[in-house]
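Order of writing sets the labels: A, B and C. Residues in every chain begin at 1.
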Amino acid sequence: MEETGALLRAIGQRKTGLASKDFLLTWEQTREELEQVLDIAQVMKIMREKNIDTRIFNSGLGISVFRDNSTRTRFSYASALNLLGLTQQDLDEGKSQIAHGETVRETANMISFCADAIGIRDDMYLGAGNAYMREVGAALDEGFSQGVLPQRPALVNLQCDIDHPTQSMADLAWLKEHFGGLDQLKGKKIAMTWAYSPSYGKPLSVPQGIIGLMSRFGMEVTLAHPEGYDLIPDVLEVAQRNAKASGGSFRQVSTMEEAFRDADIVYPKSWAPWQVMQQRTMLLRNQDTAGLKALEQHCLQQNARHQQWHCTEEMMKLTRDGSALYMHCLPADITDVSCEAGEVAASVFERYRIATYKEASWKPWIIASMILARKFADPAAVLTRRLQEAQPRIKC
Amino acid sequence: MEETGALLRAIGQRKTGLASKDFLLTWEQTREELEQVLDIAQVMKIMREKNIDTRIFNSGLGISVFRDNSTRTRFSYASALNLLGLTQQDLDEGKSQIAHGETVRETANMISFCADAIGIRDDMYLGAGNAYMREVGAALDEGFSQGVLPQRPALVNLQCDIDHPTQSMADLAWLKEHFGGLDQLKGKKIAMTWAYSPSYGKPLSVPQGIIGLMSRFGMEVTLAHPEGYDLIPDVLEVAQRNAKASGGSFRQVSTMEEAFRDADIVYPKSWAPWQVMQQRTMLLRNQDTAGLKALEQHCLQQNARHQQWHCTEEMMKLTRDGSALYMHCLPADITDVSCEAGEVAASVFERYRIATYKEASWKPWIIASMILARKFADPAAVLTRRLQEAQPRIKC
Amino acid sequence: MEETGALLRAIGQRKTGLASKDFLLTWEQTREELEQVLDIAQVMKIMREKNIDTRIFNSGLGISVFRDNSTRTRFSYASALNLLGLTQQDLDEGKSQIAHGETVRETANMISFCADAIGIRDDMYLGAGNAYMREVGAALDEGFSQGVLPQRPALVNLQCDIDHPTQSMADLAWLKEHFGGLDQLKGKKIAMTWAYSPSYGKPLSVPQGIIGLMSRFGMEVTLAHPEGYDLIPDVLEVAQRNAKASGGSFRQVSTMEEAFRDADIVYPKSWAPWQVMQQRTMLLRNQDTAGLKALEQHCLQQNARHQQWHCTEEMMKLTRDGSALYMHCLPADITDVSCEAGEVAASVFERYRIATYKEASWKPWIIASMILARKFADPAAVLTRRLQEAQPRIKC
């Protein structure tokens, strides 16, 4: 257990404020706090590999609120709760009375009497998803301070309109594993680029999450997209500021080729322009189906002009030694596999397929770590006791 | 643990029949049995506050059947199961083959091979919800006696056409907490009154549950509603009989003002007239959509004539010292918040908002208590052993 | 515990390959392997009856994928997971992003990072259901060998286009219980016959599962159906081969009467002809709603010509001593109960109703056993330790 010993010492020595703030945007956490989350995730992953029971809770609920479809995050959140000993309870807004005019603060309390964690996905409405999470958080604070709730549940952002912190932190954990440490990331070139997809309306949270997080670790971050496919301006400023502070860089270029040149890591992925997402939010709010159809038509036509934004073998040859690490949050639009023309060529994707699975495999651990760090002021002590007891997960 | 000591002694000394009858209507339980449920709930609540594991079961399922929407009760039931160590399994009649002509008694057995509890909400059909529960209960009795089921699951009424015992018992637990004991309720005036709502078709189970239960404890119960908004006549008789036996009173008045005058507690809430619910049940059965629309129109027009049934600041001034306790099962129709004109003025609701959350917070404990009392002949012994072992819920 | 002692010795002495192959078709398992599953199921059932905790896992997920409606199997699978200590997580393909072009092998890995079991029902598409399960299995093998998955989840067929092994094995466990041992089944006559139903499109997996399994144990298996209501030809060959090897027999006859004559066991049940299922699969694939309606009309008319395939009292009198054991996977189409004319007369069904419940009650144990046998090379050792520890399931 030397492996865990060093990690636990690092976890124990850090002074972080994780126990008193929700994980809603990575750039609200200090670098120490981000490292804390990575280390806790790693300890728990090792524990499970060694068949050591990772549960901290004997009972307790973990609530999920999915306001958009999800497979990966849904299963990762369910896994994280299970690793901690919590039981998932989904708030299905269709089945509930929420549509009947219930206020957010009331619902937040009603579902939390026995809840130790709440995870929310709300990425459809620009300007609203992250705000909704903060509203829930404030309601939980009030409920706890007024004696309604016996505990303050940890609140985790499972993807909002601005950031996708469980994804970007899992991506970071994967980069740390792949390159052999966070210090190895310093100076590495990462290309976050738009890529063509035959669909439209994909959220901005992944590219924004990536440039907002990778710029914290001294990486050379390049963002590339066709003209007009802008991200939220505030997040660009965040990335700029982060890069400066961490000794890295952040720049924008206008072709995939330019971004890929000498890159150590490439992350080609489709998204809808910020301006389109704003229009779409308004149309969704007004339930303007005709307007949404017209917007989709317009956007698909616009997308079609950018089919050359395609992660091909030729494109990959531009990267460092022709062998940059390909990343994707999945599912990717794979040319000739899931669509006629998409984000990535089949041969490129196939070469990195297992790597993208490993990238994704960090998510349960990252989410479990975020919850654990939010609930316990001294996570090293909690984990140490679990390791000392070393109850087997499987009683074989 | 002096607190729990006295409660456990009280629990242990009572002779109740709770272990052999389902909790389907509060007026089928003796006063001792009702007190038993309150005391068990309180012990479990204290245990959790002291971080003591409340689980009695290591494994086992708790089945839920929701034939109407629910947030609060759904989460309360899920919480109760989790507190006891049971895992929830929802019978989603849409996803199941129940629509294919399966009989109730067959399904009741098929879902119960490993079930220790079944909770049912069925409040849509007047004359059918409670009857359905009894049919399920009889099927479980048969399955158990015939050796099909290795255990008889506890059956809990999560709201039917007649009563809403988990709500009314949680309300009672809250009143006991608020006023400092059951004996403090003797002589207290409670006003259960109709209130205007811009919707229609709200079930009768809450007002019926309140007058049926609060009349057991020597309270002065007043029921008020506009002409024609009658409750089921049988339940009025129950309330009358209860009041007589408990040394309290039950009366009906025809204005909210009259009911509120000198009241210690007010419970203003909309419901649909009994006669309308009967019509609605027939129309629902015949899937007569046009008929249902016409009935809704008619009722909304009728409702609109009673907008003065509104729990305003002026109305509250009529109550004892102008400061009666406001209660609601939530969600309330709050004027200028969730609707233009509703059951309660925003300022009144806001003043009692946290109180209504605390009222609701008793529900998980009440449900857990009902299950525990149904499953164990000596609940005091079961709880005492859990307290002696005192396993921590959170292993921090 | 003498009962369990003999069973555990039998389990321990058998050399089986269950730990390294999924349970997808009973005829892929050796007779020893089938007996192993029965014995493990029985030990676990006894443990629970004696209030001994059956959990092997402290945490871990069990995934379910239901591509068709289900009550019984859904609850049985949930029960089995709960008995083992696993938590169910349903892959709801409607709520997930699977419709967005995700490949099977990717999804199989994404849902399995913390999964110890996966159960799949996919019985709608002839030629596709079992194939899909194998595709999932291959993806899990790849993920495990490539280090993506820390464990290889057990894969269980919860009904496919070819077989329904959890049903047929539960049926076999019931026959073993009813007749007092597997050896008692040798020479017993079982009639698997088509029966009239006012619906159409019922899967072939139950009759195919029954003739494919019961022919393993020296039984005299008779299959009867109207002309044109064929099963998949390959499965008939399997049954023929099995019967020869086990010293039993397999024959086909063309009337229910002939099949029932001197039968010890009758299993009258509707199904759609193999050829119709092929057509239906094509129409479903092409989403040809009009074609499906036309096919249904045609089939219902064809069915209507065979109403005399009805398990009546007269028909039952033909069986051995007029008292063959009636079996059904439920729900049955009961004449005058669930339909005007169906598979079985009400009086016959009522006489065997409790028996069919007991038949169904084996399913949770069979599924739990299949998972346990797939996960542990030495199931006897695992169970022995659970029995020695003898933790109470209910801490009363």
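Before moving on, here are some points about what is shown:
FYI, contacts are C-beta pairs under 8 Å (C-beta built on N, C-alpha and C of every residue); 3 or more make two chains touch, one makes a residue touch a chain.
Not measured: the values here are computed from a predicted model.
Identification of common neighbours of subunit A and subunit C yields B. Two copies of one chain, subunit B and subunit C, touch each other, and the residues they use overlap weakly: the shared fraction of interface numbers falls below half. Distance between chain centres (mean CA atoms), subunit B to subunit C: 40 Å. In subunit C, the residues that reach two or more other chains under the touch definition are 55, 87. Residues of subunit C touching subunit A in their complex: 55-61, 87, 89, 91, 95-98, 100-103, 106-107, 109-111, 113-114, 143, 146-150, 376, 381-382, 385-386. If you check the complex, the residues on subunit B that touch subunit A are 48-49, 53-55, 66, 69-72, 74-76, 78-79, 82-83, 85, 87-88, 199, 330-331, 333, 337-339, 353-354, 357-358, 360-361, 363-364, 391-396.
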